[in-house]
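So, here's a batch of structures to check.
What follows is chain A paired twice: with chain B in the first complex and chain C in the second.
For the complex of A and B:
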């Protein structure tokens, strides 16, 4: 087990290193000149040269990459041209909102996916309706779903808020940055409830696609596992249907659903960029979409590295969980 | 065992099946799996239920366990301790399974949950860990305490089946349904498991329904034998009586086509013509009528119910028993003098390789590196210094249990694996052709049979009509009609698929034909046909044949010489008849003793075949050998094949042969 974990962690480090190289190369290949972005088009030739030297842009590429890497190790992602703040500080400001939304969407996707899989496998009443709603939702682009949700539940019915994370101006800002948790920690349940309300629409818009993917994979492995010889053995032992399902079917069905979840989280990160704009969600997605038009490459690179590292980390965890779930896996 | 039937008919039966019909739905077709079966199982009785694939024997097992699929339609009764396992509420059936029934299935690898520890799985049936441990010890699992924490893939096949048996007998059930419990096991392990079943019956007193396709397995342990054919009972009676004085033409055919170590090598094996009737359209009359030599007008009209031909002996045939027996005897006499050239063997099997060498394997070594848990790699010595010569037109069988390296040797000869050392020379430089065990999996599903066979003609320049003609000729040679060329493999039966595989291998006649267990997935009657066919093709096309099998009685029929392998080494090599009837190596002797045969019942060889990952030092067989001496375990000992007797054609790798 220790060997497996260290092996996976090693692989993760290599992937992230490659990611930094790709980001660095993109930065160099991009038509945006960072110096012009910083100083504006009317800067003097001397000022530009001076700034180039200050940024180390007059050094050979390998040494620039080396400086870039060593800075990264010190959590230094550079300065944003747009906000003029260190990017690390910017990310720390915007990350909690995105993390809360992504976590909520992930939990929602898992719950809905499991419900879809179990209901259709056991042919529960109402399974068809659930399946129709989810599949219809998943075949609609997320932004359309988001706009539709706003039209119905905000404008028409007025049940849910359409923008932002909270209706309070004095919402607690710490310690976790997740409003639902901070509300509870600060002894203000009304903040938590309100934050939940704000999460529902963007969360659903993000979760439905992954929920259907996860549900389908889980369902097909549940169905496949119910037909296996060892389930027949368990039935022959005279175990009840419920305990056959719990002890023999479900555990063996988790592997494929776990890997699908890992993949879907990647897609969810991409979806966050769009959804945060639709709902004016003050997170990484908005930060990125403001950075792209002005060529704020350090900011874009920072976000890319952060999300990339998150994706790799999550899939590493998925791999390890799979090995825990199935003793035959030996990575 | 054969003659002891301690069961008085008056004692109440543990299970009673009465006029059972089961119809299953598959796609949009009805499968009439069981069409009127009645039988009782007495307390403490072992009833052997024998039948070929498609006879409905497994459906009968699931009926008794109350585990038929939800869309199965049934009539009749299937009582276990008075509860009808067909119609009782699910909860009643479940409690019956829990308290009175146990089950052992064919493949212990897939029948155990791969992600659950052995101890936990047994405890589910046994209610407690202590009881699980006691059961594991009772079924003979060495080091049971440690094995409780093992996962199924960490055990050998034989141990896994013992775990299944431990779960089946947990809670002292009154009936254990064992569906082909030894089919997936090696012969020496099969003998152990059968002995275990019988000793458990003696200790616990539970009854067994032992389902098998192999009459020899039933003969070894069953008190009574029931023969099923196409969903109906053909014959039932005390084991000895059914085996020696069979009353139904199907039983006689089954007995006749069964290979034993005494089957004649000089004439084609008896086969049953035709195949099992289509279960979607069962015949109105006796289902065996289309294949029966004695068929009369009455046979096809209405189903024949079993009638008592002797006390406790039932047979479902309209003919008087004297007529059935008389006819088979006459047929046997007629076969006494086979027409010349029908034999699968040149007269007086030559043992001295003659003529040119077709395959020359010299000191071949093959090592695999396999993952051995937690990222480490382990050496698997599949072939350890193998030398073997096959002459032109000669047939050599390689016999061994799983892990012996026999299939690896074949794949190395075929060029599918590279030898890690040594040399392989093919006399003609032509690539040999290969036939595999699972003909279904070795035929590409989306190509027609014609495409599959024609593929090998691509290199030869010929017009399309010429190619069609060649394909038809190849099909005719394996006994298939030309219109088979238009169908896909899935539409053919197992026997037909194996014939297609042979047609593909021989459409361009190879100099060497390599066969990897081509008959072990087939029913006995079909296997005999394929063996006859391989013999005929070999003679007509002048091919050398290397035939890998785990079954010594098959090896003896198909081969001029037999090589016995154990853990990557050839331990005995010689004339087929010599090796079978005068075996010299203790392992060969154990293998021959383990072949299930009527009446014979030598003690089972202890232990599992050792793992090729950790071959024991010295002579690898020494831990299981009854005559091993201290020197046999000496790591410096490398037992070599040495000739014995005159001519030195019979070779044995044992330093203790003088003891025998």
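For the complex of A and C:
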């Protein structure tokens, strides 16, 4: 077990190292000159040379990469050209809003995916409609789901808010940064309820694509496992269908669905960048889309490192969990 | 394998059929025919566009059907139908280029790894697995944003993250084929490695490659639309489906069709791709 965990963690470290190398290489390939971005176009030649030296940009590439890595280990991602704040501080400001949205969407995706899989496997009434939902859901861009949701649930029905995280101007800002939790901690349940309402539309827009993928994988392993000998044995013993499903089939079908969930988180991270734009959600996504047009490379690199490392870490945990749950898995 | 077999992505391989119960051959053929229809629309787009997609041709913000504009006009009076057709064409080209380059690079890596085996296989697949372990859409966004927005940069960005998936699958197929008697016979007859790879292994991997690529079209179109939505595509005034939605979001509550119609076009295209991909898989056998 210890060997397995250390092997997975070792692989994770290598992949994250490659990620930093990719981001570093991108920075070098970028047509935007960091010195010019900092000093402006009218800086004198001497000032540019001086700044270049101060940033270590006149050194050979391997040594620049080494400095980059040591800075990263000290959580130093550089300064944003746009906000003039350290990237780490910016990310810390915007991360909670994104984390709350992504977590909410993940829970929704798991619930919807499971419902979809179980309903189509057991051929519940209306499962045919769900089949259609599967096909359509896999083909719909998240931004279309988002604007469709706004048109129906905000404009037409007036049930849900369409922008931002909260309707309160004095919403609590700490301690967790997650409004749903902070509302409860501050003893203001109305803030929590309002925050939940704001989460529904962006959460659904983010969750439907991954839910479809998770649901499909879960469905195919459910169908496969229902045909196995041990299920026939369990049925022959006289166990009810529901009990066989819960105790035998679902348990053995979770592995592939769990892997798929880990992978879908990568898509969800990309989806967050798009969806936050539509809903003016004050998170990492908005931060990124404001950084893209002005060529704020350190900010984009910081977001890439954060999301990339998060994705790799989550999938490592998923792998380890899977090996723990199923000893047959050889890592 | 240090990066772990459980981390191998199941991007579209693991999914069950969309068409009910496998479907008949004719149904599958009709489904696969949607690829031809999509291509036809893309290639004929300049001929069937009723107006110039880049120039204002009518009053702004006309609703669909008003004054003969089937899908209405946008905020400066450009014909939305013409813009959707032009956007369809550029999405089609983007998908074709990314898939072709993915098959070329991934196929080459997979072929070399599968044919040579041993240390070559090990090194190439470790590199592939490392790329597969990174979140492809996020890396693509980073690459496109760093190089600066342009059509070529977007294609490059998506191309960079798209090949490892093909490399894995083609390598697996080649390894399976390498154990077949006909390959052993060729080897005994004195065929060199390169001849073995190109003549005896590669042709056998083609159907798998075609099925993988066809199943991939839908998700590729969605990824490309997402990048375009973030402003990482062609610059204005070019017609792009994702960007046309993003730029017109402010009209959503008054003139919903201006942002919605291009988004629906993305959906229709991805839907065609997904259904056609399933049709191709049914026709070529489940791989």
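Annotations
Going forward, the second predicted complex is superposed on the first by the 322 of 331 C-alpha atoms of A that agree within 3 Å, B and C clash if a C-alpha of one lies under 4 Å from a C-alpha of the other, contacts with A are read in each partner's own complex, and residues count from 1 in each chain.
Heads up, the rule we're going with is that a contact is a pair of C-beta atoms (placed from the backbone, for glycine too) under 8 Å apart; a residue touches a chain by one contact, two chains touch by 3 or more.
As the structure is a prediction and not an experimental result, all values here were calculated from the model.
Once chain A of one complex is fitted onto chain A of the other, the partner contacts of A:247 are limited to chain B, with no touch recorded for chain C. Comparing chain B with chain C, the partner in contact with more residues of chain A is C. Legend: residue contacts after superposition of the two complexes on their common chain; A:33 is shown touching neither chain B nor chain C. Of the two partner chains placed by the overlay, chain B and chain C both lie in contact with A:7. Of the two partner chains placed by the overlay, neither chain B nor chain C lies in contact with A:76.
In the overlay built on the shared chain, the residue A:271 is in contact with chain C alone; chain B does not reach it. Once the two complexes are overlaid on the shared chain, A:148 sits against chain C while remaining clear of chain B.
Judged by the touch definition given at the top, the superposed model places A:234 against chain B, while chain C stays out of reach. Within chain A, the residues touched by chain B in the first complex and by chain C in the second are 7, 331. Remark: chain A residues 1, 3-4, 7, 228-230, 232-240, 247-248, 251-252, 325-328, 330-331 touch chain B in the complex.
Chain C meets chain A in the complex at residues 2-7, 9-11, 14-16, 18, 20, 130, 133-139, 141-143, 145-149, 218-219, 222-223, 225-226, 229-232, 242, 245-246, 249, 252-253, 256, 259-260, 263-264, 266-267, 270-271, 273-275. Listed in rising order, the residues of chain A touching chain C in the complex are 7-8, 10-11, 14-15, 18-19, 22-23, 26-27, 29-32, 131, 134-136, 138-144, 147-148, 150-151, 155, 209, 213, 216-217, 219-220, 223, 256, 259-260, 263, 265-267, 269-271, 273-274, 277-278, 288-289, 291-293, 295, 297, 300-301, 303-304, 307-308, 311-312, 315, 319, 322-323, 329, 331. Interface of chain B with chain A (complex): residues 65, 67, 94-99, 101-103, 105, 107, 110-116, 124-125, 151, 153, 164, 167, 170, 177, 371, 373-375.
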